[in-house]
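Order of writing sets the chain letters: A, B and C. Residues in each chain are counted from 1.
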């Protein structure tokens, strides 16, 4: 048991500056078309649009002339013409034309953000542009692979991202917050392996010969059959969490499918310190055309995530408004969350370091 | 005439820290049953529930594990099972069980608050637990005595409690804010005795042979009859105000009731610095079964208190938002209010003292 | 091109203290009648009423006794009787009567504000009373002259007044924000003379032999006729902006009207740092009884001003909430706006100066 409150410098919480040097999901591919989409990410207003060649531009949503929102402006070909005085910018934020001063504007530049599309996800780098290496974007190609079928949903949440990550790295809440729907008693008590690899914190759990919970049994049509379960879940960075589950029929019957896989991806991006854009994806490698299964998985997932979204909203309301003395307690089962909070704390401190140095002069 | 603005250190106002070392009304008895009631008192979230033995528990409404609201959790027998990870607490806030760490939790304790029920009132002590002496709770047993009949109501108000106390200690506003309904000209000009006894500030007023105002005349059926009136009202501490009125028929008729008593209790508890939970009670020792009288007294009281609630809300809006220079003026008639404000200022300063000492090091 | 961000001390922006030593429009004449009108101006609550002799009183809307809003009180003859304890004030704010202390009150005085009515405008001076010289009020007598016909409207805006002044001193946005409705291409490119005279910043533009825009052509019935245009627009102080336009038929026909004048007055008064009371007036010296023309001018003006109001609201939202690093760029066409911002910056600094000096002691 550790006292995290006394060590909030080591363990990130809702007051820790948001990590900017990371790839975050900005939007879904279909949200960005041939018009101007405003979205606030990491407390910065961004405007998105898709260029004629299909690539995506992301600029600070504020004209450097008189602060007019570019998202309320006109998209003309691959340029934005500011709705106030008509200054024209290309997709990199470079000023192309100042109507009232045709020879000026050469040194005006709107901040642009590196964007990489890996459909259905559009990733953005809001931090130091020099470090924006697309090789750092995790591979979630199963989301668009023909051998997988995905159902998905999204929420606008009231929560800091640390609490959301902690929720996802914690399986002890299944029995209580999601009473009965997700966990099973055997699963909750099966041994959990926790590991850390660089900034990645992972959980591994295995359970042989047990009855699968409804969320697996129904779409896999394995009700009443014993299965072996393996799940690997990980905090892969500030932007999200991925869980890979493998279900194997314990005593297979000839000509019957033996192995089933489900990948659950949670990606979420702080809008502000205490609000989140959140997208979830439930992908399976079986019953690809089974619309019944898709409907079931969507509804069961949505119902469970609503419970998390509500709970995190209530917690956010408390932690952001209460001034009462408060001491947070943690248990061994919180270790994955605390490891993640150390990672986020360290990453945030690294980014704040230079500013601090300047302030100390 | 004094300049209270220049002496706000001596005279509490809406910026003075709330006094915590006092018994306040937390709720009415019937509000606390076999479920979890959240209520913010003195800027602290509290959760209440009634135990099987009928006693009441009050805990800080925040699980010390991950800040989940206990009021959104489950009441099981006399324990609260946190809705997030199932940690179980008894009615004193002691941790009984941590599902994910069965041998841990021994040193976890949620802050609990002393509660004393004197039906229909439930009292709470939010300050230093060592000083929570039930003997300090004032005796309002008339509220439940069979020889008295009470009508009552409540408001959620936008006001600091100092302004509410000052309103109650002031009778010069009757003629204006409650034009005609409560006061009479003779009453307003009858001599007022002001006294202070420790932290209690009291008003005493007597008026012989005058026509009673409607609020007395109608339920007592004394319209047109001359009466002698005596009223004793007092600020009995941060939690409220009690007024005791005795009306005596000046020239009694044989076999007719001569003396009538009305007790008016105002109890109110800061929710925040500028909002209040307010309950009022109008108790009489006559016409106990007279439903007409009860209806009349409820409606007349409610109508007058709405005027106070509105006025204090407007004042709160001004004092909390205006930055304009402002100097408050007071008159002799404000002396009871200023005496009360000195009491609250001194009580607040005593509680702040240790913290100030630390800050000054 | 200059970097205004680096020089915000010289160029007022939404963070610059509001100039108080100026005549501002408080209300329209018809708004102030025989009742109590509350209005917040320059972050100060003011209550207005018209006295029996037709003159107007303006007082701080806060009783110095216990902060009750005078605007929720009673107007009796030419006095305000506070709704809380009945203290009576005359139209200058002098205390006439304290019901609970008949011999007191002599030294109580509510702050009053100099008001001058020049129908349909009511002007107020919120600053240093000694400097409130009515001779400083600009002459807009055309608003009530029988030889002019005026249409007008008003808005409650979300904007600092600096951005509003800058909008009005800038004609380069016509083509974009008001695409097609107000400007014409020839007008936009005709030479602009900028001049400064004391605190007044003026624009002068002339264009010979061009087709008039609809907003002139329609009401003047000059569609398809060539005209000579002359416009003089000026920032006449913190309170507003006046534009005088003269349209002359280039090749007049005998017995036909040759010259047409339109005066456009914009007056606006900060309610707070980022909200404005705004009134506009469009006055013409032709077609005085032409209701069709009035309707057309009202609707066309309103449509254009809605675009400005919306744009300035979006900009206000950005500048007041974004913390992202931001550098403002300006062009030659912004010179009138920057000159005005220098004036406002200097006026504000002069007013702040004594306070700063005291603080520095």
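Following the convention adopted for this analysis, contacts are C-beta pairs under 8 Å (C-beta built on N, C-alpha and C of every residue); 3 or more make two chains touch, one makes a residue touch a chain.
For clarity, every value in this text was computed on a predicted model and none was experimentally measured.
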item: When subunit A is superposed on subunit B by its C-alpha atoms, the rotation angle in degrees, nearest 5; value: 120
item: Same or different contact residues where subunit C meets its copy subunit A, judged by the half mark; value: different
item: Between subunit A and subunit C, centroid-to-centroid distance (C-alpha), Å; value: 48
item: Touching two or more other chains - residues of subunit B; value: none
item: Touching residues (chain side subunit B, partner subunit C) in the complex; value: 1, 163, 166, 170, 172-173, 175-177, 311, 314-315, 318-319, 322-324, 326-334
item: Subunit C partner contacts - residues on subunit A that touch it in the complex; value: 43-45, 60-62, 64-69, 72, 81-86, 98-101, 104-105, 107-108, 111
